[in-house]
Structures are given as C-alpha cells and as structure tokens.
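In what comes next, subunit A is part of two complexes: it sits with subunit B in the first one and with subunit C in the second one.
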Partner chain A sequence: MADLVLKNIQKSYGNHPVIHGLDLHIKSGEFVTLLGPSGCGKTTLLRMIAGLEKIDSGELWIGGKPMQGLPAQKRPIGMVFQSYALFPHMNVKNNITFGLKIQKMEEHAIFSKLDWVIPLLGLEGLENRLPKEISGGQRQRVALARALVLDPEVLLLDEPLSNLDAALRELAMDELKRIHQEVGKTIIYVSHNQAEAMTMSQRIAVLNKGHLEQYAEPMRLYDEPASRFTAEFIGSPIANSYVGKLGTHDGLPVVQTAVGIIRISDRCMGHVSSAPKEIRVCIRPQDIHQLKNQVLTPYCSVFRVLPSLIETPGDRCLVIGKTNSGEAVRFFVDRVHTVVVGEPLDVFVSAEHVHLFNSENGKNILGEQI
Partner chain B sequence: MGYIDKGEVAKKIVWTSCVIVMMVGIIAPIYLLLKYAISDPSTVNTGGRPIPIWPNRPTFDMFLYLFKDREFWAVVANSAIIAVSTVALTSFLSVPAGYVLARYNFPLKRFFLILLISVRLFPDISSVIPIATFFVRMNLHSSYLSVVLAHTLLALPYVIFMATTAFEFVPKDIEEQARVIGANRVTIFTKILVPMVFPSLVAGAIYTFLLSWDEFIFAHFLLDTGGQIQTLTLYLNKNLSFSPPQNILAAISVCLSVPVMIFTFIVQRYMVSGVVSGAVK
Partner chain C sequence: MSDIWPLIPAAIYLLFFFMLVMIALVTLSVTEGDLFPTFEPLQAILKNTEFYDALINTLIFVIIGTPLELIAGLFAALLVYNSFWGKTFIRSVFVIPFAFPGLVIATLLFILFDSQGGFANHLLQGQYSFFPKVIDHDVAWRGNKFLALSVSMLGKVWRDMPISMLIILSGLNSIEPELIDAAKTMGAGFRARLTKIILPLVFPAMTTVLLLRSVEMWKEFIFPYILAGNYPLLGTLIEKLYGFGSEPGEAAVVALILVGLTVLTLILIVEITGRIKRELVNSGVNS
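This part shows the complex of A and B:
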C-alpha cells in the first residue's frame, strides 16, 4: 500500500507563508488533483512531496514511511514537469531508460521495461528521435514513460497538459485516465483547469491561498461546495451570487434576496435561527431553468427575469438577464428562439441547488453536514 | 504568387554585399600570405611591382626548408604542448566555476564577477611585468608551466563567462527532473549538464587554443627570446630580426595559421546550435 499522508504541512518563503497547516490523505491507487488558481500553493505542495522543496513543518508519509529529510532521488516518486524537462541531448529511448541505467538495471530488464512502456504510451518508432524532433504531445508521453518505467509508488504530474492544444489535451486526458487504470499508480495531478480536474480525478483537493478549501469527489464539489470559493471556482461560467437573509416563509426555510424569496433545503432549517443574518447565496447557471410546462415541486422557487444578452457557446445558450430589482441572473436555455432579448420570462431553481455561505468566512452554513 | 517585396529584395542585396565585403576582408590577407609562401624566392623581389595574382613559379621549397629545420619542429611541439595544456587547464577550471556562478548566489558574487573580468581590463603589457617578476620569484621562469598559467589567466575570464551563460540556459527543471529520477549530483553534472553545455565549452576551447597558440607578449617575457623553450610566435619574431626573404616569413605564418584552422574545423561541428531546444515546452 502506498497511501500518501500529509499532516499539518507548513511552508513559507521568507516571511510570506504559502501553505498553512495542510492535511491530506491520498489513498493508494487514487487519482487526486490539486486544483486552485495561480499562486494557491499547489505546485509548491507537489514539489514538497517530490522532495524538491523543503517542508518547514509537518509530516509527509508515503506507504507508511516518513519522507522528511529524504532527498528527492531516494523517494518512491516519479514526476512529470509542466515543461516535460526531457534531456535534449538524449534520444527518446535514452531519456526513458536514464533512471534505469542509474539504478544499474541489467540490459535485458531494461529492454523488457521498454517493451512494456513504449506500446503503453504509443511511442513506437520514435525510440531513436531526439526530443526536438518530436511533437509536444509525444514529448509529454515520453516524460510520462520516463516516470513510469521507474515503477514509482506515487506519480506526480505538474500541469502536464497545459502546453498542449485543446484537441490534443482531450486525447491526452483520456490517455492519462487509461494509463491510470492500467498501471494503478497513485497519481497526484496539479492543475488550475477545473475541467481537467473534474474529468480525470477520483478526488479533488481545492486549494486557495495555501488553505485546503475542500477535498472531495468531483460531483460532490459541484453539488455540495463547502465554501464560496469552491462554488465559484468549480463550474463555468461563474455561479450567480447574491446577498441574502435567512428566514422562514409559511413555516418553511427560505432566503430573502434581491432576486426574490428563494426556498432552501430543509436541512437548513436548523440554521435559520443560528446562522448569521446576512449570508451569501450562490446558484449555478446550470441549475436555473426556464419555466415552461414543468410541474414544480414545493422546493422550487420561481422568479421573473428580463433577458438582456444571449450568448451561444455551443449546444446551449447562456442568457444573462436582470430581475426587477436589477440583479443579474445567468442561466442556460436549450434553444435560442424560445428566449428573446427584452421579453420577460420565468425561471425556477430547486432548493438543493441553492448554496448558502457565511458572508464572513465563506464557509457553507451546513458546515460539517457536507 | 509572383509577388516581390521591393524592400525584401533591397535587404537581400545589402546583406549579400556585406557578406561579400566581409569575405574579401577575411580571405584577402590569407590569400596574400599563401601567395608569398608559395612564391619562388627569386620572384619575390620585383622592384616595387606587385607579384602576379598567381605566382610565376609556385613552389613548396619554403615549407620544405622549414620542415627540414629541427628547431622549427621543436617550437611547433612547444606551442602545441602549451596550447593544449592551456585548453585543458582552462576547461577544467571554468566548467565548475561557470556552474557555481550560474546556479548559486553567494555574498560578493557581483564583486567577484567584476574582479574576474578586471584581469583583462589592463593591457597585457602592463600586467606582464608583475606576472613575470612573480614567476621568476616562484622559480617558474622559462618553463612550460609559466606560459600555460599565464595563458590560462588570460583565457579564464572569458571562458568562465561563456560557461556561466551556457549553464544559465539549462532549465532548472532538467536538473530537478534528473534528481527525481534518482541521479546524484555527479551524475547530473557529467551526464546531463556538461553534455548540454558542450557546444559552449567547445567554443571556449577554440578561443583558448587560438589565444595561446598565437600569444606573443607573455611568451616573450616568460621564456626569453634566447631561452630553451621557444614558441612559434617567438620563432617568427627571431627570424624577423634576421630579415630573411618575405616568403620564408609567410611560410612560417601559414604554419602558424593552419593548425588553428584545423583545430577549429574539427571542433566546430560540436557547436551545433539548438542543442537545448526540445528540452522544455
């Protein structure tokens, strides 16, 4: 078993703290993404796991062994850099086998490793090419092959897809998922791209300014964001966000916003009295629907919107409208001809998709229940 | 498309002319040297008229005369020993120095860099006296070592700068990647870094060889004209004082230049550009 455990990890550059007491438990064979905006500390965290950066305080365990004080070359890890960092003077084969030769592995064992990894990554026929003679996607795969042949317990990937164009990136994502399934390694993937993270990972650790915002499965992050940061960072376009007041309406829990009175989940009932009066309400554009002939449950809230802008990014249209009170509402509709700019329409949202956050610390008011 | 950009054409013409002028500037002296070296002694004195573009009776007599001279071979050997030793010593010192200067920050680094280059801020003639005096005191006078050390001193600042720049071009990712793979510092240095900066080291070696091979002032002061060890430049100087026919001097000059050309020709193929390309991104 190669569980990776981080306990109260802290790191500062000079007087500037970049990681504040972070705890993370990654299970053996899991594909975990460290997700966050630039400067959130995700790459620093990865480099600390690799041993390229010193851990100021805290503990790092891989497979039950402490890693503090162990240099990078002694740790059971493989790493693929954002830049791939191929050795430019070595051909593909020598790049891949460099680490094996350092280990003084026997020639025939090296060959069998090559026979395994070259078809796995589709590098047939490129063995004798130099890095400058192959494409970006191929370089990325060579870097991955070079890490895989060493049979590391944990594979660290630092934004390996960010240098690829969009079409190639989708292919590479499928490829990475397939490789993860085939080799079953623990993979820690660093990304600022939430789409990549949502597609590939089993769990995502959302980082912001050196703090762990949430660590959960992709769908859970999406449906039950633990903080306002997660709600706004995960999902695209950015979630609708309003200031609201908790209360009851006909004995049911609601939140009063400039958009109108919005019915909220029964789970919030207990918080109506205890939670601070002013809270932050986030609703994803994907969770607001046009009211046509649907039969609404009592959990749905309806409000009227005046569309002011319609964008067509693909199969759906993003409508940006305004309520009577002037608040902007973004939502998706299926067909453009049902919505006309300037013609008011009704939209509805279901209570389980209304996310409520403490205005001061940004935490979900449901707190531990999530 | 049949479309011709007039600006482009003008640019090409200007560049081509520049290249031709430069080539003439480089080739003309070599040609003149060669022409004199293969002229028959009797045809060199033409009473002020230039000798024809191709000598009347081309001959290799001058070279044969030189090659039969045992002293000539001795000085060629001396120059070669000194130049090769200087290249070896300079490379040995400049590679680690360049790496440290490129990768580490230490107190007074900028001061140290200026100090390094300041060796070459003085004209050679002003630094040769104290150096010669010092070597005499160290009992190094009239030895190979003195000239090798002096030439190394002359070459080192530039070669260290070349090596530093080259190491700075090696992305840090590459070193860190090698560490993650399991390489120790020595392996990273010998198997990754040195091969990557090799073209620059070769350029440095060529520079050092050229500098040492045709260096005169330090060789003159440290070896004496009449001393045991003579270099080619000193030999040429000695022969000049006997005012021999120009074609003998020209032949010696050719002998001075040819090894330089051969050395450059051999090592310049390692100077392929773009060795670093493809490493990152």
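This part shows the complex of A and C:
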C-alpha cells in the first residue's frame, strides 16, 4: 500500500508563506489532481513530496513510512517535470534506462523493462534519437517512460501536458488514463486547467493561495462546491454571481437577489434565521435553462432576461442577458433554439443548483455549523 | 552569404596583421645577415642542443600544465557551483590571482622561492610553528631544472586558473537545475549526478579550456623567464636567440616551429574531444 499522507504541511520562501498547514490523504492507486491558479503552490507542494524542496513543518508519509530527512534519491517517487527535463546528451533509450543503471540492474532486466515501456508509450523507432530530435509529445512520453520503469510507488506529474496543442493534449490525456489503469500507480497530477482535471482524476484537491479549498470527486466539486472559489474556478464560463439575502417566501426557503427571489434547497432552511445578512449566490451558466413548455417543479425559480449578446462557440450558444434590475445573467441554450438579441425570454433555475456562500469567508453555508 | 558582409572589415583587419606578421617572420627565418634566402638559420637550430632541450621542456609544460589547469579550474568551479552561501565571495577570492599581471606574480614567486633564505626555504626548514621541519639546508629552487620548471608551471597554473574556472562555471550555470532534480528523483546520488550529468554537460566548456590553455602553455614566457632562466622553453629561447644571441633568423625559425606545434595541438585536441563526445552520447546499453 502506498497511501500518501500530508499532515499540516507548511512552507515559506523567506518570510513569504506559500503553503499554509495543508492536510491531504491520497489513497494507494488513486489518481489525484492538484488544481489551482498559477502561483498557488502546486509545484512547490509536488517538489516537497519529491524531496526536492524542504518542508518547513508538518509530516509527510508514503506507504506508512515517514519521509522527513530522506533525500529525493531515496524516496519511492517518480516525477515528470513541467519542462520534461530530459538529459540532452543522452538518447531516448539512455534517458529511459538512466535510473535503472543507477540501481545497477542487470542488463537483461533492463532490456525487458525497455520491451515493456517502449510499446506502452509508443516510442518504437525513437530509441536512438536525442531529445532535441523528437517532438514535444514524444518528449513527454519519454519523461513518463523514464519515471515508470523505476516502478515508483507514487508518480508525480507537474503539468506534463501544458506544452502540447489541444489535439495532442486530448490524446495524451487518454493515454495517461489508460496507463494509470494499466499500471495502477498512485498518481499526483498538477494542473491549472479545470477541464483537464475533471476528465482525468478520481479526486481533485483545489488549492488557492496555499490553502486547500476542497478535496473531493470531480462531480462533487461541480455539484457541491465547498467555497465560492471552487464554484468559480470549476466550470467554464465563470458562474453567475449575485449578492443576496436569505429569507422565506410562503414558508419556503429563498434568497432575495437583484435578479429576483430564488427558491433554494430545503437543506438551507436551518440557515435562514442564523445566516449572515449578506450572502453570495452562484449559479452556473449550464444550470440556467430557457423556459419553453417544461413542467416546472416547485423548486424552480423563473426570471425574465433581455439577451444582449449571443456567442456560438460550438454546439451550444452562450447568451449574455440582463434582468430588469440590470444584473447580468449568463446561460446556455441549444443552437436550434432561436434566441434574438433584444427579445425578452424566461429562464429558470432549480434550487439544487443555487450555491450559497458566506460573503465573509467564502465558505458554502451548507458546510457551516448552524 | 550576405550575412558575412558586415564582418568583412574585421576579417580584413585581422588577416592583414596576421599576414603581415607571418610574412615578416617567414622572411626573417630565411635571412642570415646579408644572405637571403638561406636555410642557414634552420640548420643552425637543428644542430642546437639547447633547442631540443627547450622543445622537450615546453612539451612537458604543455602535457602536464594544460590538464592541470583544467582540473584546477574544474575543482574551483564545482566548489563555487555547489557552495550554499557566499557564492559571489568565493568566486571573487578565486579570481584574485588573475587581477595581478603575470610579471608581478612571477616576481612574487621569485622572492618566495629564493635560493638563499626565502619564505619557501624557511617554511620547509621549520622556522614557522605551523609547519614541520622537512629539510636542513636551503634548496636552490632555480638551480635545478625540475624544481625551476615546476615552480614556474605552478605559478602559471595558479595565475591563469580563474579563466578556466570562469569558463567552466558558465558552463555549469547553463545546466538546467531541473536536470539535476530529475536525476535525483531517479535515484542518482552526488557521484552519479557529477559523472553522468554534470561533467558530460560541461564537456564543451572543458574543451574550450583545453584549447585556450594549450595555446597559452606552448607560448608561455614570463614565468619561466623569471623563475627558470637557465632552463629555456621555446618562448624564452626565442627571446634569448633574438636579444642576447643576436640571431634574429634563428629566433624566427623557432617561432615558426612554435606556431606549427600550437596548431597541431589544437587539431589534436579537437579530434580527441570530438571522439569522447561521440562516445558520451552513444554510451549506454547496446547502442
């Protein structure tokens, strides 16, 4: 078992704190993504796990063994760097076998490793090329092969796809998922691309300014964001966000916003009286639908918007409209639906898609003690 | 082709002076008094035992001194590169010898290694409490070919080491730190990182050092001139023949031979290092 446990990890550069008391438990064989905006400390965290950066305080355990004081070369990890860091003076084969030769593995064993990893990553025919003689995607696969042959308990990947074009990236994502299924390693993957993280990972750790915002399955992050940051960072385009006040309407829990009175989940009932006066309301554009002749449940709220801009990026149209009060509302409609700029229409949202956050600390009110 | 036009003036300038010197040198080497052209200077040199002595001395100087400078520079550079704090300070300390003219350093060594008394003799005779007594009598540092040439070679290597160090250091600094990190995550300890990553990657810088330093060693003058007056190298022999011996033709012949040997050495170094480089790239399992 190679569970990876981080306990209250802290790190500062000089007197500039970068990671603030972070706890994380990654299960053996799990594919976890560290997701967060640029500069939030993802690389720093990965380098601390690898032993390339000192941990100021806290504990790091891999497979039940403490890692404190263990240099990088003794840790059961493999790492793929953002820049790949292939050795420029060694051909592909020597890059891959570098670590094996350090371990003084016997030559026939090295050959069988090569025979396994080269087809696995589609590197046939490139064995004798230098890194500068292969493409970016091929380099990435060599970097991965180089880490895989060492059979580490934990594989650390620092934005390995960020240098690839969109098509190659999709391919590489599929490949990475396939390799994870095939070799079953614990993988910690760093990304600032939420779509990439959502497709690949079993769990995602959302980081913001060195704090762990939420650690959960992708769908859970999407459906139940624990903080306003997660709600806005996960999903694209950015969620609609309004100021609101909790209250009741006909005995049912609602939030009053400039958009109108919006019905909220019954689970919020307990918060209605105790909640702070001001609240932040987030609704994803994907969760607002055009009202045609659907039968609405009592949990749906309807409001009228005036479309002011329509973008057609692909199979759906993004409509940007305004309510009577001038608040902007972004939502999607099918391409076949004819929405015309300047012609008002009704849209609705269902209560379970209305996310409510404490205005002061940004936390989801459902997670807070009443 | 059009790219080279801006370089033409510089090329003409260099070529002009190089040609001028070479033509003058060749002319001088086939002139003996009023006789021109003549092989008399060449014949005189080939019969001169002092020339063969100087040739062998210089060869030893080159063969030992050049690698010595490479190694000294490499060690100093690695020390600076790996030092945790005070990098700039340590580097400055190492560069100090180069801040003084060779003549000053040579003269300093002349005083330190004086044959009567002198700091080196006093030190070895145990006159300083921090050093044990090794000898009873003064050593004639300049009266012995081996000692005289050794002291001048060490002086030369010490004075010029900073150049080698700075060249290798710039090579070290251009290595991506992530390469070293990657090697660490693949299990490489300090030794493996040094021999398998760092040294191969600074190999081009080391080649540059060998090329530059071998030329310097062939043409060395000031240290042996001051410190080994009785045991000429080719450089000091030229001066001796030209000035003291009033044989400009013979001096020119030696100078031409020196140029030829220098060029030959450069070709040899390029050839050998090229081979080593190919070895490095292709070494490994069955490739």
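Here, the second predicted complex is superposed on the first by the 365 of 370 C-alpha atoms of A that agree within 3 Å, B and C clash if a C-alpha of one lies under 4 Å from a C-alpha of the other, contacts with A are read in each partner's own complex, and residues count from 1 in each chain.
FYI, a contact is a pair of C-beta atoms (placed from the backbone, for glycine too) under 8 Å apart; a residue touches a chain by one contact, two chains touch by 3 or more.
If you're wondering where the values come from, they're calculated on a predicted model, not measured in any experiment.
Applying the stated clash criterion after superposition on subunit A shows that subunit B and subunit C collide. With both structures placed on the common chain, the touch criterion links A:271 to neither subunit B nor subunit C.
By the touch criterion stated above, A:128 is placed in contact with subunit C alone, subunit B being left untouched.
Applying the stated contact rule after C-alpha superposition, one finds that A:136 touches subunit B and leaves subunit C untouched. Once chain A of one complex is fitted onto chain A of the other, the partner contacts of A:113 are absent, as it touches neither subunit B nor subunit C. Of the two partner chains, neither subunit B nor subunit C is touched by A:280.
Once the two complexes are laid over each other on the shared chain, residue contacts for A:289 go to neither subunit B nor subunit C. In the superposition on chain A, contact is made by A:72 with both subunit B and subunit C. By the touch criterion stated above, A:228 is placed in contact with neither subunit B nor subunit C. When both complexes are overlaid on chain A, the residue A:91 reaches subunit C alone and has no touch with subunit B. Under the contact criterion defined above, the residues of subunit A that touch both subunit B in one complex and subunit C in the other are 50-52, 71-75, 77-79, 81, 83, 85-89, 98-99, 102-103, 130, 146, 150. Within the complex formed with subunit C, the subunit A residues making contact are 47, 50-52, 71-75, 77-79, 81, 83, 85-91, 93-94, 97-99, 101-103, 107, 110-111, 114, 127-128, 130, 146-147, 150, 156. Subunit C makes touch with subunit A in their complex at residues 176, 178-179, 181-189, 192, 196-197, 200-201, 203, 280-287.
Against subunit B, in their complex, subunit A makes its touches with residues 50-52, 71-75, 77-79, 81-89, 98-99, 102-103, 130-134, 136, 139, 146, 150, 163.
The touching residues of subunit B, counted against subunit A in their complex, run 171, 173-174, 176-184, 187, 191-192, 195-196, 198, 274-281.
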